[in-house]
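Chain naming follows the written order as A, B, C and D, and within any one chain the residues start at number 1.
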Amino acid sequence: MTRVAVLGAAGYIGGELLRLLVGHPEVEVAAAVSSRFPGRRVDTVHPNLRAVTDLVFTDPEEAARREYDAVLLATPHRKTAELVRDWSGRVKTVIDLSGDFRLRDAEVFERYYGAEHPVPELLGTFTPGIPELYREELRTADRISVPGCMAAAGLLAIAPLAARGLLTGRVELDARTGSSGSGVTAGEANLHAERSGAMRVFAPVGHRHEAEIAQLTGLDVRMTATGVEAVRGVQVVARVEAAEGVDDLAIRRAYREAYRDEPFVRIVAQRRGTYRYPEPKILIGSNFCDVGHVYDEKSGRLVLIAALDNLVKGGAGNAVQCLNIRTGRPEGLGLSFPGLHPI
Amino acid sequence: MTRVAVLGAAGYIGGELLRLLVGHPEVEVAAAVSSRFPGRRVDTVHPNLRAVTDLVFTDPEEAARREYDAVLLATPHRKTAELVRDWSGRVKTVIDLSGDFRLRDAEVFERYYGAEHPVPELLGTFTPGIPELYREELRTADRISVPGCMAAAGLLAIAPLAARGLLTGRVELDARTGSSGSGVTAGEANLHAERSGAMRVFAPVGHRHEAEIAQLTGLDVRMTATGVEAVRGVQVVARVEAAEGVDDLAIRRAYREAYRDEPFVRIVAQRRGTYRYPEPKILIGSNFCDVGHVYDEKSGRLVLIAALDNLVKGGAGNAVQCLNIRTGRPEGLGLSFPGLHPI
Amino acid sequence: MTRVAVLGAAGYIGGELLRLLVGHPEVEVAAAVSSRFPGRRVDTVHPNLRAVTDLVFTDPEEAARREYDAVLLATPHRKTAELVRDWSGRVKTVIDLSGDFRLRDAEVFERYYGAEHPVPELLGTFTPGIPELYREELRTADRISVPGCMAAAGLLAIAPLAARGLLTGRVELDARTGSSGSGVTAGEANLHAERSGAMRVFAPVGHRHEAEIAQLTGLDVRMTATGVEAVRGVQVVARVEAAEGVDDLAIRRAYREAYRDEPFVRIVAQRRGTYRYPEPKILIGSNFCDVGHVYDEKSGRLVLIAALDNLVKGGAGNAVQCLNIRTGRPEGLGLSFPGLHPI
Amino acid sequence: MTRVAVLGAAGYIGGELLRLLVGHPEVEVAAAVSSRFPGRRVDTVHPNLRAVTDLVFTDPEEAARREYDAVLLATPHRKTAELVRDWSGRVKTVIDLSGDFRLRDAEVFERYYGAEHPVPELLGTFTPGIPELYREELRTADRISVPGCMAAAGLLAIAPLAARGLLTGRVELDARTGSSGSGVTAGEANLHAERSGAMRVFAPVGHRHEAEIAQLTGLDVRMTATGVEAVRGVQVVARVEAAEGVDDLAIRRAYREAYRDEPFVRIVAQRRGTYRYPEPKILIGSNFCDVGHVYDEKSGRLVLIAALDNLVKGGAGNAVQCLNIRTGRPEGLGLSFPGLHPI
């Protein structure tokens, strides 16, 4: 049994961590920490957990007095960095789901987050929480930084091709996302009457997740982010250029090599039908990331598509997968829900 | 030209009043009043009005210094009663879209609103803003109280039958509504991620609009209200009992008599097809209320169905129709948009 | 291991059966039968099952030549009755998810289904697939008929009170449902552009599921069914009358007695918050049915509310629960997914 | 009065033409032509037109015997070309809303439509139905071809900059669209249960509308098209490169010059707020196209965004605007609906 604390447990990512960890056969949630609702039952905030757990939210101070094997932080940006500093050394493994330690360069952080990093000395001490790229490092990592949801999807689409030198030039990346990414404290702009049916370009340039993809692939990434009608779900569509002489077979081979044995990346390569490209809605609740591509050899146009559930493979599920790796357990433990159709 | 002020102009009902009145050929919006956004362009809050109006929100104090022919109040409950008291006498016509003067009995008001009426001396001085039932009175009314959105739909379904003595026993009324009814200041429960796809029974018993229907029909009305996925739209389904000897022909004749010449009530009596009962979505933006029924003579089961756009026929459009009547103009002026299909 | 065949496996209920049975640790899906897609991979039709199963659809004739412990039928009404006749005797257990054997009385069947029953001799030989009411019978039942989705929700709300004599008079039942209930072969009326955002009263009177509730509770049930915006999800709101002298405590006690040990019925009795009544959306993918009530003792108004996922507890999940009971296994095997929040 | 016939009047674009033309003060709909529903009332198919018109669908043969000033074709691709040939010469003005005459080059047509053009001799005889670019030509045009919905949005975003030489390199264009674009005869893939909540990349490369934008701007356009959750609405996001030395002021000036006097193009240039970029949902039912941009001078990244209602400015509304120009009437006649907020 691994004893864990979840910080920020009343938020959307926090709730998803609870759902997965409470259902995990070898993890014990020793504290579901919330400064907003200490003493209240977890299921009053996350009603899907009724009859599933009797957990009660713990006050942060109280939580700090207990012992854990791992702490998972689903707390706000900036504030998280300080919490990480406080918890480092006190527990074996810190898994951070905020944006605070995704970028390694203090300058890049400042450019994208609009503020100095509060704990710069810890920058660069985190292993990216991306099993597909950092599995070996994750087995022994003390600090893990789970990537942003759109970054995770973008990386899984781009990295295998970038790593094999199949791409050239810059990446034009269009990301679409549901409303849950804005969190439970989102304001008036996220009222149902405003957000419903929206195609809201909320970051035409400069979204933070673009820096994560650039950092790990070395490419010039230009991302546009749009909120569309969905609660959960992220889809990225990357328009890239294949390097000289690259044909479709090379692309397919690269994906196959990269993902053949991956438990949570599926290559979608169906010729016809409604679901021939990655579609987030059938991934809701699941830890899969689906990846597909179209390469028009004649024009040299290469389009990569990836989809995932932002709260699962784009957040909590990815964190649990990392925890499984870190604790030497089968990677898919507690992550078996396959998604639904229709939905 | 009729000079009007719209109070609460930054809200959802307020915005709809502006849309209709700015497009009205014989009305001048002399003040769009907002305490939140004085000095800001109206179209920064209501983006559909870009290039349609250059209006700027007026501060309440500034607005109080000008002259108008009519004042329309789309302000919060309780606060509105005091505004009405202040404005009464100063303008010819007060049209209140809040709930403050819909009920005539102070005791009933207190039961349903959970507080004493702030200006009880004005209770009972308002004419209900229901052209179909109070057209003659509205021609000369100084104070008009526009009914609640679900009450309006319920009344238009029930009143013609009740008035002709065709009903007996009590009314079981199921009302469904979109999210815009909660207003622009709705809280966390109305975040898109929470409200999306909901079937939220928010008032299993005791909803205020039920008292309005009871008051005007004299029937025992038992209403349940559920929020469903929609921004605009109200539908009521009333299960009623036909009086002894009433047949389907009598029901149909009653509706026909009542609504034959009504410009904004349509009797839906299609035998087949997708839209054979009133459906709110095709009414979005329109001032129509659609009314239909099914009477199973064998079992005596009579089901009445009505639908409207809560912000138009259930609010702002109804108010404009009343204003047209009050000012002696053609009733449909500025209200010609028919709704869309598909949508 | 229990070997099963799923008939109608390319439909929505069929797909859900496959999802649950493929993930079930002690069931082997020996045939996923489809007359439309024989030879095609199951995951080309149900894309959520990619990387989850390599199953291929089997032709009905080929499927008929194999041996199974149980057959589950998710085939169309009428046609199913004949399939049941063919399979009876050939396998130990037949679980029918169609409407063909839900009603026991040939006359009632004819009234509600508009046609004579094709195999009347088998009527009345089925045990209702409702673990909460027929658990003992299900342990040895050879033929099980899973109730309709709205009937299941209605029964779980009403039966405990009816059985204890707490109700009197008739039941006014309002049922709301998502679009998946119409199946994969639904026509033009179910196109997204028509069905989206709908509040479609598709059965103001006479819906078939009402007869199921009446049959098992002995009450006069009057149901109205409306399609609302959702893919999955059923909610019923039943307005009933409490018998003389019944107070809120008696209602609560009845539910507690009935459901205290039920693994898949949750009593929702939260005083405040967004989810204080049963809400289908947090049940998507889960086998829970949530039940709640409001009793206004003063007026005697009693409102019962139940919610479930029509494809799970209202269909495939319920069938798997019955199969677990029938095969002497823990009832929740393969049914542990709790639902999501937010969604 | 202008007498018009609408061909394909039972479809979605056809219904929208009827809504606009029936409400047009100087147009008479002399025939609403449908081969599917001859003799049926128009409002049985388009329920929003109940009480708005008593029109009955006319059989194509019967329709062919009458006289009109203009014929508007909302008929299927390929079939339309032949209808155009038949009607040319018989009426003064043919306005085609299909794709058959949007491309001028037979070879390009064949590449994008996958078939030879059925009436190549008429290719190139059509004036593009884009008032903003071809107003003078439209005043006397006998044949008008209304652009595709995504092409219209793309062109209005790109053309003013392209025409002034402000752009270089290629255009990466991401288009998102609602479900109504698939038409009333769409199949299983467009069932609500499949299409709801989708992010369906239906044309990663090679969408027909891309060829229209390329043809009129001379640029290399690479478009990806995705269906998102909406019934109406198109949004395009174009990533382009500014030519050497172009600054933000030049971009803004170009748009202002191009659209200052345009009645139906609005430049969205709000610094903050929820609606600071073009958003289709507030345009539903309106003939506006909203255009905005972001230019990050430092990185040289220029993002153009346009939004419209695909059935109005992307189809029927644009056609009516062209008809108004062609008949010498005020351009906005019958097109005054501004759109809604919230919606």
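The rule we apply is simple: contacts are C-beta pairs under 8 Å (C-beta built on N, C-alpha and C of every residue); 3 or more make two chains touch, one makes a residue touch a chain.
Because the structure is a prediction, the values reported are computed rather than measured.
Ranked by separation of Cα centres from chain A, the top chain is B. Comparing chain pairs A-D and B-D, the larger number of C-beta contacts belongs to A-D. A straight line joining the Cα centres of chain A and chain B is 45 Å long. One inter-chain figure worth recording: chain A and chain D are separated by 38 Å, centre to centre, where each centre is the mean of the chain's CA atoms.
Separating the CA-averaged centres of chain B and chain D is a span of 35 Å. Shared interface positions of chain C, i.e. residues touching 2 or more other chains, are given as 12, 180, 184, 188, 193-194, 196-197, 231, 273, 279, 342-343.
Residues 172, 174, 176, 188-189, 193-194, 196-201, 204-206, 222, 224, 226, 228-230, 233, 235, 237, 239, 273-274, 277-281, 294, 296, 299, 301, 303, 305, 307, 342-343 of chain D are the ones touching chain A in the complex.
Here chain D touches chain B in the complex through residues 12, 15-16, 19, 23, 44, 46-52, 180, 184, 231-232, 266, 268, 270, 273, 275, 279, 282-286, 288, 290, 336-343, going by the rule given at the top.
Residues 12, 178-180, 182, 184-186, 188, 190-197, 231 of chain B touch chain A in their complex.
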